[in-house]
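Two complexes follow with chain A in common, the first pairing it with chain B and the second with chain C.
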Partner chain A sequence: MISYAECSARERLALLLDPGSFHEWLPPIERITSPHLAQLGVPSAFDDGVAIGRATLDGHSVFVAAQEGAFMGGGVGEVHGAKLTGLLQRALRDRPAAVLLLAESGGVRLHEANAGLIAVSEVMRALLDVRAAGVPVIVLIGGANGCFGGMGIVARCADHIVMSDVGRLAMSGPEVIEASHGVDEFDSRDRALVWRTTGGKHRWITGDCDALVEDDVTAFREAAIAAIGAANPLTLEALEDEHVLLTGRLFALPADHADQDEALLLWRAIGVAVAEHVPAMSVEAVRALRIL
Partner chain B sequence: MQWRSLVLQLFGPYHGMRAEDDFLQGEVMFDGAPLTVVGTTNHAPIGVRLALAQARVVLDTIAKHPGRPLLLLIDTQGQQLRRRDELLGINRAMAHLGTTIDLARRRGHRVIGLVYDQALSGGFITSGLIADACYALPEAEIRVMRIPAMARVTKLPEAMLTALSQSNPVFAPGVQNYVAMGGVRALWQGDLQAALRDALAHTPTEDLRARDGAERGGRRLAATVMQCVLDAA
Partner chain C sequence: MSDVPAGLETLEFFFPDGCAIGAFPPVLVGVVGSGNLEVLLEAIDDKGCAVRIETSARGFGPIWQAVIQDFHARHPMVGVRVSINDMGATPAVVSLRLDQAMAEISGGAA
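Take a look at the complex of A and B:
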C-alpha cells in the first residue's frame, strides 16, 4: 500500500496510470513558468505546479492533469490555469475516454490573484463543455492540501469525484474562516472538527463524493477505472434533483443546535444512526453507511 | 450604485424588481421583451441559501420561459465564510448555481453579468464569471482579496504589492484591470439602456476572455498556453 497523500503529483501519475503511458504536454523542459512570480521574487516551477498530458488507464485513452500541492499549495495562476483549460479544450476536440483531474489546490494563487480567478472560471467553463459532450471528467482528491477555493467548485462541476478519507473538499479553508470570524466559529487546529466538516467520510455520507477509498494509490487507480463509464451530462431534470437535495440538506440541519456537533446532527438527519462512531470507523464501514 | 437607481435607469419606474433581504429578483420588460433579473445587494456574502435562491430563479426561467435572457446583478463581498456553510457543502451549492447558469447558456438563453457595486472571488466565480460575458459599471470594485490580507497570506511586503499593483493588473483590485485581463468584457458608461441593448445583441457565446486578455495586454500568456496545449505533439 502506497499513500496517495504522501506522493508528489508526478509520483501519482506514474503509479496511477498504466506504467510508462503518461506522455506530458508542456513538460518542465519547456520551462513555461509564471511571469508574475518572478516579478515578486518568488521561486517559480518549470511546470507552474501542474503536469498535464495523455496516458492510458487500464488500456483506455485518457487525458490527465495532476496539481502539485508542494508548489504554492497547488494554487491556480495564469499559466497553471491555462494548462488545465487547454487540456480540457483538447479533450473536447479529441474525445478521450475520460479526463482525470488529480486535484490538490488551495484555489486561486493569491500572488496572481486576478488572473487566477479568471483562470479558474475558464477551467470551469471548459470542464462543463467536456462534460456536456459526454466525456466524463473524474476528479481524484487525496492530497495533503485538499481541494479548496475555486477548485472545490470545479470539482463539484465534474461528473465523478473519488476521495480518500484523509482528503478534504470544501470552499474556504478553516484558517481563513477562523481569521474572519474567530476561533469559536472554526478552530482550524481542531483536526477532528476540520475532517468532520470537510473530510472524505463527511463528503461520502452527504453524497458530495461518488467513491470513498483508502489513502492508497492502487485504490485510487481502481476507483478511477471504475468511473471511466460514468459520463453524466447535466440536464434540467438532474439539476432540479440537485436543487431538491441541497435545499433538503439546508433545512435538515437545525439552526439552533444547542452546542451539539453540527456534523453529527447533519449525519443523523440524513439517516446515519451511528453518527458519533463515524470518525473512528474504517473506510469500509463508512462506505456501507451511504444512504443518499 | 444602488440597485434601485440602477434598475430605474435600465427599466424605468415600473420595473417590478423586488429585494428580499440581500436577494434581488424580477421579471422586467426591456425593449418590449421579457427579461429575468436575479442577483444580490448590500455586498451580500453568498452562502448556501443565497446560491440556491439564485439557482431557483435560473431553473424556473429555463423551465417556464425557454430562451428568455437573464441578467445577473452582482454585488457581493464573496463567499460566506462560515463553518456551517462549509459543512453544508457551499462549494457544491456554488457549483449548482454555476451549472444552472451554464445549462441556461447551452439551451440558448443569453446570460449577461453586471457588476454594479462590488464583486469578490467566491461570490463572483459562479455568477458573472460563468455568464456568456460579464460587464461592470466604472465605479464598481472587483478583487480577490484586499492588499493587506493578500500580504498576510503570501507573506510578501504590503508596500511591494501596493507598488506592483500600480503597473501589474494581475495584483491590483479594480475593474479596469479585469477589463485588461479579459474577465470583464466592457464597462457600461453613460446610457445604460444602450449598453444592455448592445450586450444582449452582441455578447459572444463562446469564452473569448483569454483572447481578449492577450489583445488588451493584461493577461498575455493564457491564450498562448492554451493553444500550445492544443498543438503539443
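Take a look at the complex of A and C:
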C-alpha cells in the first residue's frame, strides 16, 4: 500500500497509470513557466505546477493532468490553467476513453489575480464541453492540500469524483471561512471539524463524490478504471434533480441546532443512524452507510 | 527593511572540464516549495557543465558556489545543463537533490 496523499504529482502519474505509458505534453524542458511569479520575487516551476499528457490506463487511452500541491498549494495560474484547458480541448478533438484530473489545489493562484480567475473559468468551460461530448472526466482527490476554490467547482463539474478519506473537497477552504466570518463560525485549526465538513467520508455520505477509497495509489487506480465507462453527460433533468437534492439539504437541519455539531446532525438527517461513529469508522464501513 | 533588494537572484556557474556524460532523457527531481527546490538535468552538445540557479533567497552566492563546486567535484561530468528553481532550500537539501538527480540518470528509482 502506497499513500496517495504522500506522493508528488509525478509519482502519482508513474504509479497510477500503466507503467511507462505517460507521454507528457509541454514537459519541464520546454520551460513554459508563469509570466507573473518572477515579477513578484517568487520562483517559478518548470511545469508551472501541473503535468499534462496522454497515457494508458488498464489499456484504455486516457488524457491526464496532475497538479502538484507542494508548488504554491497547487494554485491555478495563467499557464497552469491554460495547460488544463488545452488538455481538455484536445480531448474534445481526439476523444480518449476518459480524461483523468489528479486534482490537488487551493484554487486560483492569487499572485496571478484576474489571469488565474479567467484561467479557471476557461477550464470549467472546456471540461463541460468534454463532458457534453460523452468523454468522461474523472477527478481524483486525495492530496494533502485538498481540492478547493475554483478547482472545487471544476471537480463538481466533472462526470465522476473519486476521493479518499483524507481527501478534502469544498469551495472556500477552512482558513478562508475563518478569515471572513470569524473563528466562532469556523475554527480552521480544528482538524476533526475540517474533515467532518470537507473530508472524503462527508462527501461520500452526502453524495458529493462517487467513490470513496483508501489513501492508496492502487485503490485510486482501480476506482479510475471502474469509472472509465461511466460517462454522465449533463441533462436538464439531472440538474433539476440535483437542485432538489441541494434544496432539501439546506432544510435538513433541525430549526434549533445551536451548539450542536452540524455535520453530525446532517448525517443523521439523511439517514445515518450511527453519525457520531463515522469519523472513527473504516473507509469500508463508511462506504456501506450511503443511502442516497 | 533589509538592504537586499526584493526579487529573484539568478546565479550561473560553468565548469569546462570533466568526463562526457553522453545522452540521457531529461531528469526532474524535487518540487519548488518552501525550503525545497527542483533540479532539471539535460544532456547538451556543448562542452562543459552549465549550472543556472533562480532563487528567492538573495545574497547567498558564495554558499551556492561552494555547494555547486562540491557537486561538480563529486560528479565531474560535462555535456550537461543543470537548472535549479529554489525556494530557500538549505545547502544540505540542495546537495541531496543534486545527488538524487544524478542517481536517476544512472538508472535509479523512478
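Some observations on this one:
Methods note: the second predicted complex is superposed on the first by the 290 of 292 C-alpha atoms of A that agree within 3 Å, B and C clash if a C-alpha of one lies under 4 Å from a C-alpha of the other, contacts with A are read in each partner's own complex, and residues count from 1 in each chain.
FYI, a residue touches a chain if its C-beta (ideal position, glycine included) is under 8 Å from a C-beta of that chain, and two chains touch if they have at least 3 such contacts.
Values in this document were obtained by computation on a predicted structure and should not be read as measured data.
With the two structures aligned on chain A, chain B fits next to chain C without clashing. In the superposition on chain A, A:10 makes contact with chain C only, while chain B stays out of contact range. Residue contacts after overlaying the shared chain place A:43 against chain C, while chain B stays out of touching range. An angle of 100 degrees, to the nearest 10, separates chain B from chain C at the C-alpha centre of chain A in the overlay. Applying the stated contact rule after C-alpha superposition, one finds that A:267 touches neither chain B nor chain C.
Within the superposed three-chain model, A:68 lies in touch with chain C and out of touch with chain B [touch as defined at top]. In the superposed three-chain model, the partner touching more residues of chain A is B, compared with the other of chain B and chain C.
Of the two partner chains placed around the shared chain by superposition, chain B is the only one that A:156 touches, whereas chain C remains out of contact. Across the superposed structures, the minimum distance from chain B to chain C, using CA atoms, reads 9 Å. Residues 42 of chain A touch chain B in one complex and chain C in the other. Interface residues of chain C, counted against chain A in their complex, comprise 6-8, 26, 28, 31-33, 36, 38, 40, 42, 54-56, 83, 85-87, 110.
Within the complex formed with chain B, the chain A residues making contact are 25-26, 32, 35-36, 39-40, 42, 52, 78-79, 81-83, 85-87, 89-90, 93, 108, 110-122, 124-126, 128, 132, 149-150, 152-157, 169-172, 174, 176-177, 180-181, 185-186, 196-198, 202-203, 206, 208, 234-236, 239-240, 242-243, 246-247, 249-250, 253, 262-263, 266. For chain A in complex with chain C, the touching residues are 8, 10, 14, 27-29, 38, 41-47, 68, 70-71.
By the touch rule above, chain B contacts chain A in their complex via residues 48-49, 52, 55-56, 59, 62-63, 79, 81-96, 98-100, 102-103, 106-107, 121-122, 124-126, 129-130, 142-145, 150, 153-154, 156, 160, 164, 168-172, 177-178, 181-183, 207, 209-210, 213, 219-230, 232.
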